[in-house]
Amino acid sequence: MNKKVIALLFKDVLLEFRQKHSFYGILLYIASTVFVLYLSMPDTPESSVWNSLFWVIQLFVCVNAVAKSFLQESKGRMLYFYSIASPIQFIAAKLIFNVLLMLIMSLISLGLFYTFLGSPVVDFQLFIGITILGGTGISLVFSLMSAIAAKAQQNAALIAILGFPVILPQLLILIKLSKSAFGEVFRDGAVLQLAGLNILMDLLVIVLSVILFPYLWKD
Amino acid sequence: MNKIWWKILSFILLVYTIVCGFLLEVPRLDILNETIRNLYFHVCMWFGMMILFIISFIYSVKYLRGFNYRNDIFARHFAAVGCLFGILGYLTGIIWVKVTWVTDQGQSLGSVLKEPKLIGAAIALLIYGAYFVLRGSFTDIDKRARISAVYNIFAFAMLFPSIWIIPRLVGSLHPGAPGSDSGNPALDKNDMDSTMRMVFYPAVIGWTLLGVWIATLKIRLSIISEKNIFEIKKMN
Amino acid sequence: MNKLILIVIVSFFSTLAFAQAEPQMADVMRSNGKIYDVVAVCLTILVGLFLYVFIIDRKISKIEKNK
């Protein structure tokens, strides 16, 4: 069971290394978006503006990074996976891979934001933690959305339409949570409570993906 | 489904709602004044919407359990009528907001739209909008039914935590929100006395039954118009 | 005597203040019976709506039987 998940994961990573152009494509996407922001914004944006821009960019990066994870699989290849693995193993591998990919992208974009737009962040470790949490949550939701959109043979636009209303509450939590890293004072335990809520939502998404993916899988 | 008694019940309940809703005494409150009677109409739209979405969700689950195409038709039309109720709730809400929140308390429309209730409602409508867009992008009916059922279940399961979470993140003008005095985000129990409750709950049931009735009409129509599909399925 | 006048004045002002605090309601409409017109209008619309839905219901039933 676990071996197959690891093998599928390994295959995705290998594919990413072979087709470097898509990886670099997303990197360039992040870089150019941040650069556009850098040119269009005042030198040091307010912390609330910085915060909302950061998370909106995360959202779009995720749509682009995760979108291809199911769209790239051709029909023949899906048939092959179908014969060697169970749907749960397949979705588990995809989820782990997308989370890893998104975490790399999130941290890179955080670095770019830091260099280009300055940073209102006071507690840097905390903010990195929040970024990791947020990247995980966003990529989990968009993995399943990507699986659905792939079945509809649609482009990334459908993923955005399907995913944005669903991700909104998590995004609000994250925006609220990151204010704690900007030195805003919270009620005792509120930060932990919000983080816990976010993790619970992530778990819910994972459980739903595992339950629902088998229905998307068979054709 | 074709029984007549609940249709008559819906009619009687709504007549009762209008007669008693306009004629009975209501609590005298500042700013709200007589508009508190909107509770019997506007709030019922939201309750009806949520109940219809729950029914749609249940039929989506049923579809995935047996792949019976009928259940997909049910899920689709209940979601559609739920959306109708949601849009009506929005429109009536705009009228009500104008006299209670925007003018008297010096609130701009921008701050009103960030109301947690409105965000929750907007998410629900966006989700079901996406549901219909998703449905529209398939040509194969079995595939369409299956994938959209998956999305319906996923989105609905995510909708409920968000309705519960968002009011606790965003400040609210809405009666009964945490931050104002009572804990229930949906209704301020203090504003409703027992006579209002005696009208309000029947009103919810009445409006919901009307929604269910309209939905069943649409369902029966599409079962008739898609008769060919059912016959083909029987032959297989 | 003075005390009595004071009490009267105070009570008068307090009732006045109370009357101002009382939220305005459409009591006039209720007292002259115009509220019944409003109820009648709404009921007519409701009855019309239900009749319409009911007729559609009947039509669909007929088509279902012919099938």
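All chains are identified by letter, namely A, B and C, in their written order; residue positions are counted from 1 within each chain.
The rule is simple: a contact is a pair of C-beta atoms (placed from the backbone, for glycine too) under 8 Å apart; a residue touches a chain by one contact, two chains touch by 3 or more.
Model, not experiment: these values are computed from the prediction.
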{"item": "Farthest chain relative to chain A (centres taken as mean CA coordinates)", "value": "C"}
{"item": "Pair of chains with maximal C-beta contact number", "value": "A-B"}
{"item": "Whole-Å gap separating chain A and chain B, where each centre is the average of the chain's CA atoms", "value": "31"}
{"item": "Centroid distance [mean C-alpha coordinates] between chain C and chain A, Å", "value": "52"}
{"item": "Centre-of-Cα separation between chain C and chain B, whole angstrom", "value": "24"}
{"item": "Interface residues, chain A side, partner chain B - complex", "value": "141, 144, 148, 151-154, 158, 161-162, 164-166, 168-169, 172-173, 176, 197, 200-201, 204-205, 208, 212, 215-216, 219"}
{"item": "Chain B to chain C touching residues, read off their complex", "value": "2, 7, 11, 14-15, 18-19, 22-23, 28-34, 210, 213-214, 217, 220-221, 224, 227"}
{"item": "Residues of chain B that touch chain A when the two form their complex", "value": "64, 119, 123, 126-127, 129-130, 133-134, 137-138, 143, 146-147, 149-151, 153-155, 157-159, 161-162, 165-166, 169-170"}
{"item": "In the complex, chain C residues that touch chain B", "value": "22-26, 35, 38-39, 42-43, 46, 50, 53-54, 56-57, 60-61, 63-64, 67"}
